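Below you'll find the structures, each written out as structure tokens.
Next, two complexes with chain A in common: one pairs it with chain B, the other with chain C.
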Partner chain A sequence: MLLAFGNFTADPSVNLQLLIGGLALGAIYAVVALGFVLVYKSTDVLNLAHGEFLMLGAYFALTFLISENLNFFLGVFVLLLVMLVFGLLVHYGIMRRMVGQGFFAIVLITLGIATIIRALLLIFYGPTERARLDLLPQGSFEIGGATVRYVDLIIFAVVALCVLLFFLFFKYTRLGLHMRAVADDIEAAAAMGIDPDKVYAMTWAAAMVMAGVGGLLFGHVTGAIDRSIEAIGLRAFPAAVVGGLTSLGGSIVGGLVVGVIEQFANGHLGTKWREPVAFSVMFVVLLVRPTGLWGRKDLERV
Partner chain B sequence: MTATENPATQQASNTYRPSTLQRFLPFVIAAVVPFILGATTNDLNFWWKAAITVAILALVARLAWRWTPRGELTHREDMRLWRTPSDRSWAALTMFGLLVLPFILASDFTPPMDFPWATWFAVVNLVLIFAMGAAAFNLLVGYSGQISLAHVAFLALGSIVGGIVGVQWSGGNMWLALPAAALAGAVVGAISGLPALRLKHLYLLLATFGFHFVMMLVWREYLQEYFGFVGIRFKGVNSPRIASWLHWLPGIDPDENGEFIITGQFRWYWVLMPITVLSILFMVNVIRTREGRAFAAVRDRDVSASLLGINVARSKLMAFALSSAVVAMSGVLASFYIGSRGEDSFNVQTVLNYAIIIVVGGFSSIQGAIFGSAFFWFLPEWFKWAREELWFVRDIDFLSDYPSEIDLAIKGFLVVIILMFKPDGLAGMWRDFKSWLGRRLARNNP
Partner chain C sequence: MSITGLDLKIQGLTVVYGGVTALNDVHITVPSGGFVSVLGANGAGKTTLVRSITSLLYLHKGRVRRGGIELGGKSILGKKGPDIVKAGVAQVPEGRKLFPNLTVKENLLCGAASRKDISGIDESLEQNLELFSQLRPLLNQTAGLLSGGEQQMVAVGRALMSQPALLICDELSLGLAPKIVHRLFELLTEINETRGTSILVIEQNASLALQHANDAYVLELGRVLMEGTAAELRGNPMVQELYLGGGGEAHTSYAAIERPGRSRPLEHGQRPPVAES
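== the complex of A and B ==
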């Protein structure tokens, strides 16, 4: 089995193509990882439902932008607004009661939310797959024998912009400061007059909006929009971990690193190696440096 | 204080100690009567048998209740698995119920409103397999606090061992595959538990999830190497059978080829039920030992546990090895029972299903795993029946248009609602019910 590793090629254009494909994939991972990081950073919740949030975003994008045929910017605005409302719903409906519960109970409740979203999407949209979105420019150009799609560049730009915005938000705004304070020590923050409830609600809303952006972007590069696109949520785990679960910038670096590694494994070893290689990288990172490349280290007291 | 006022002596005067015969008689009745009822096939009609069954259930429960040692107990008596009257009563009831159930389900009887009798039998067998796996999962995740999502990886490992030992080497010898899977599960489980020595909570969850994907790769490679896309067939020539030197046992009548193939729900029940019951009793007993208490200590605070002299590393690896061994065995059973395993037999949804089972049943309780898996398998069957037969549900088109989706949605809502309002799950509700019943009985005859 291990001897079947072959197929290594020295052809630079193939490797360049793999690199570019990996960066494109990595950009998508970065979008998803950013959602994980946002939630984990301020609420300490590992949101296993993020893939489903993203699927929700993609289907809503279908509804607003294709079926309703709204103007692009208006449609995106409505999409993000609806996602924001859903984020508030998730917090005030469910997650609010789970504050202070055990870690695994909260992980499981996000799995419950994931199951509900999947079932509801199946009921309202049906199991038939839809064509992918085609609202962003579809063309491509060539560099050194490798094709670069405009969509990938746009995704890349959007991710970088989002990371920058969130970075500025956390650093310079009052709400961002509150979020960081609550993440650090919820009781101390509450004693200082910060309302953790509101902060958590904003966090979930932000994560949902991010998932809306992610769904819109991923809807342009996925093969087709159907129920299988939720898997992106799980596949983005290595990216989030490699970058560090508490680091915004780490998500983008982790996304790109894992995307490139995965794409090279895909190209040189075969498709089946994609996930094992990515998760092995995650495994090694966890063992060597559990908080990822840029994650915050927590001290533990007995 | 005089001797008569001394509470200790008063308690001693209340001490009641049944004879050994009395102590075991209810369980002997519970063990023997089902077979007598099952053997008398055509003499009595169904309702008579049902009435007799209920009467004996009541008798067994009452006797087990009454003949319980109480008052001042010896240490031995205090350490028994079934100690209180209610424990012994429920144990006797469960024993009787488990033994009589297959005869009831195999009997030729049409329940009112076409309740699907035959599918129930299949569901009961699945519940047995899943209860075993879920209890082991709960032992690791709930009781030992080692968060792991590598659960399905060990089911796959069970299928691989079942494929190698049970199919390729011996052509359907499940009895050889079971211990082999337990051994492989223990070894691989201990290896997969190595990250637990360094990682905790979230990071451990992610690491074990990585292990899941690696195992899935191994599974796919194994399938394609030896079986191709059709997957492993555990049916037909590969069906498990009872060895010929055991054919003298009562109730075993070989077919015309001189073989006794385990096929059909009735025969499978008698294979699955003892294995599940024994492995669950084994896990319940593990919890009561020093090793099991060490698991709980490590879960609550591993640093403090190490100060108490517990070898934390050993304890964590032991929890992983134990749980994985049982899960791998349930994987073998599931493979042979279901009959075929293919590329998509194991996926992330299976992990979620086990999570749903232990949440709904009740986190960190072995009982909960049983309740959870029963609920998980009976719920869809019940809904299917309700959609087809129940007059006020039958006419709602929405429900019959989206059967599986609504099942999925209900499972999701159940997980969310139970975690929000009743974190103890069904096992917690059961405990509440029992204590309510106890209070109620105490009020009626003080």
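== the complex of A and C ==
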């Protein structure tokens, strides 16, 4: 039994604390995974720049909410609006030219975008790290001997709300229907008069907005905001893959599962085991189910 | 209100994929309210013809080198896909190409993607369900789980949702039982006669296509080999032998008879096809 070594403890309050921490971490992963899934599902692009998108969101949150000191809701609105514009920029400036190119070439382009974002952040924000955001309530309360932070509860609620909004959007709006149609069969969609170009632009905009939300939330729980937080993209990758990369619901479940497993590995085996365990979970899932737990092969619907 | 009274004129159309010529100086006319079929074996250029009309060539790295395509006297060549649908052309793609994860109703609604009159969409949906009554109980089923015949009905219904002046059906009969194909062609004739929608069918099943169409063209290796009324072509011995399963030696194509040992005629000055690097 893997958990039998390390500083394993059966103390229920410790395990409850790890579970709560894991769910909180998982909610962050879910936000990131949602961004991966949105883009992959609709445009067939594996976007390796999503961690950088999120970092961009966190830095913009610093600018609008701390430096400019805007009212919280106004600041969030401006942040998401700016992210939306950047999403459109990514599509119309770069990705649009890549439609129809090879899968791998496009993945490399996203790596290029990631590099550019990192460089731009270095140029405009400098190398020094900033304190994490503190705009959401900072307190906590006790339950069963474990501490629950308000900020984690808020993250949870926001993630649930985002998923619900996406679900309603895809199910009940015309644009949502067209986005699902393009995801199903781009050529047939084009033949029906759906403009894939418009759908792709909306997808990138939505992914950027999600990254804005993710950056704002992650900015509250990370140690400090610097140019290393883009690593959250890679760390959330197993969550997206476990969920199946094409299922919105899957990205949530994948995020929570990986988050909890990581946190238990962290608590019982030590920090160095966190990522190896997370990626092992991903490998095992891929071996058993190559499409992930909720992959496209099941005629899954959003 | 559907748009009617638009004729389709294809003139001198030449289409290439890389160095390979897929269509060569093709002239085809579908008169307003007409029912035209284009016959041809695999590789004759039928699907390329459809892609040229519906502007989907770019998805396959093809391009129009010469010629024109006009609908109601206005060029639709090079227009974007959505604009072509708005201009009045709808298609039933080869292999149906439904959205397998969407429901039947959602598939039908996607056909109305280019329409601005939201209120008219429900009306069209109802019209379609009267025509394809067996789809009514299946509205909330996932389209990928339907039988082939039902799927083809959804595909035709989906195309009709844009209220087209011209309906293009690419290989409607492919993989379906003869009885179902028969029924589908009857429905096409009904749509043609009652709504005045022009119909262009691209078919391998020549006997059925020639029964229902007014005019027909035979495409062979990217060129129009024969054209005439459907009755004329039904009576043509060459058509009978090659496409209607007539007696005599089994030839796979006209080219095999006329140009033994050469699989594809080369245009003057054209490079032989080479693999792109």
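Convention: the second predicted complex is superposed on the first by the 293 of 302 C-alpha atoms of A that agree within 3 Å, B and C clash if a C-alpha of one lies under 4 Å from a C-alpha of the other, contacts with A are read in each partner's own complex, and residues count from 1 in each chain.
Heads up, the rule we're going with is that a contact is a pair of C-beta atoms (placed from the backbone, for glycine too) under 8 Å apart; a residue touches a chain by one contact, two chains touch by 3 or more.
Just so you know, these numbers come straight off a predicted model, no measurement behind them.
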For the overlay on chain A, clash or fit between chain B and chain C?
-> fit
Figure out whether A:36 sits in contact with chain B (first) or chain C (second), or with both, or with neither.
-> neither
Touching A:177 in the superposition: chain B (first), chain C (second), both, neither?
-> second
First (chain B), second (chain C), both or neither: which does A:280 touch?
-> first
Contacts of A:192 with chain B and chain C, given as first, second, both or neither = second
Identify the partner contact of A:237: answer first if only chain B is touched, second if only chain C is, both if each is, neither if none is.
-> first
In this superposed model, does chain C or chain B come into contact with more residues of chain A?
-> B
Take the Cα centre of chain A as the vertex and report the angle out to the centres of chain B and chain C, nearest 10 degrees.
-> 80
Check whether A:204 is in contact with chain B, with chain C, with both or with neither, and answer first, second, both or neither.
-> neither
Check the residue A:109 against both partner chains and state whether it touches chain B (first), chain C (second), both, or neither.
-> first
For A:294, is the partner it touches chain B (first), chain C (second), both, or none of the two (neither)?
-> neither
Tell me, in angstrom, the smallest C-alpha to C-alpha distance between chain B and chain C in the overlaid model?
-> 10
Parts of chain C lying in touch with chain A, wherever the complex brings them together = 54, 56, 58-59, 61, 80-82, 84-86, 90-91, 93, 97-102, 106, 109-111, 113-114, 142, 144-145, 158-159, 162
Within their complex, chain B touches chain A through residues 141, 147, 195, 198-199, 201-203, 205-207, 209-214, 216-217, 220-221, 225, 301, 303-304, 348, 352, 355-356, 359, 363, 402, 405-406, 408-409, 411-416, 419-420, 423
In the complex, go through chain A and note every residue touching chain B.
-> 1, 46, 94, 97-98, 101, 103-105, 107-109, 111-120, 122-123, 231, 234, 237-238, 241, 245, 272-273, 275-276, 278-280, 282-283, 286-287, 290, 302
List of chain A residues in touch with chain C within their complex | 100, 174, 177-178, 180-181, 184-195, 296, 299-301
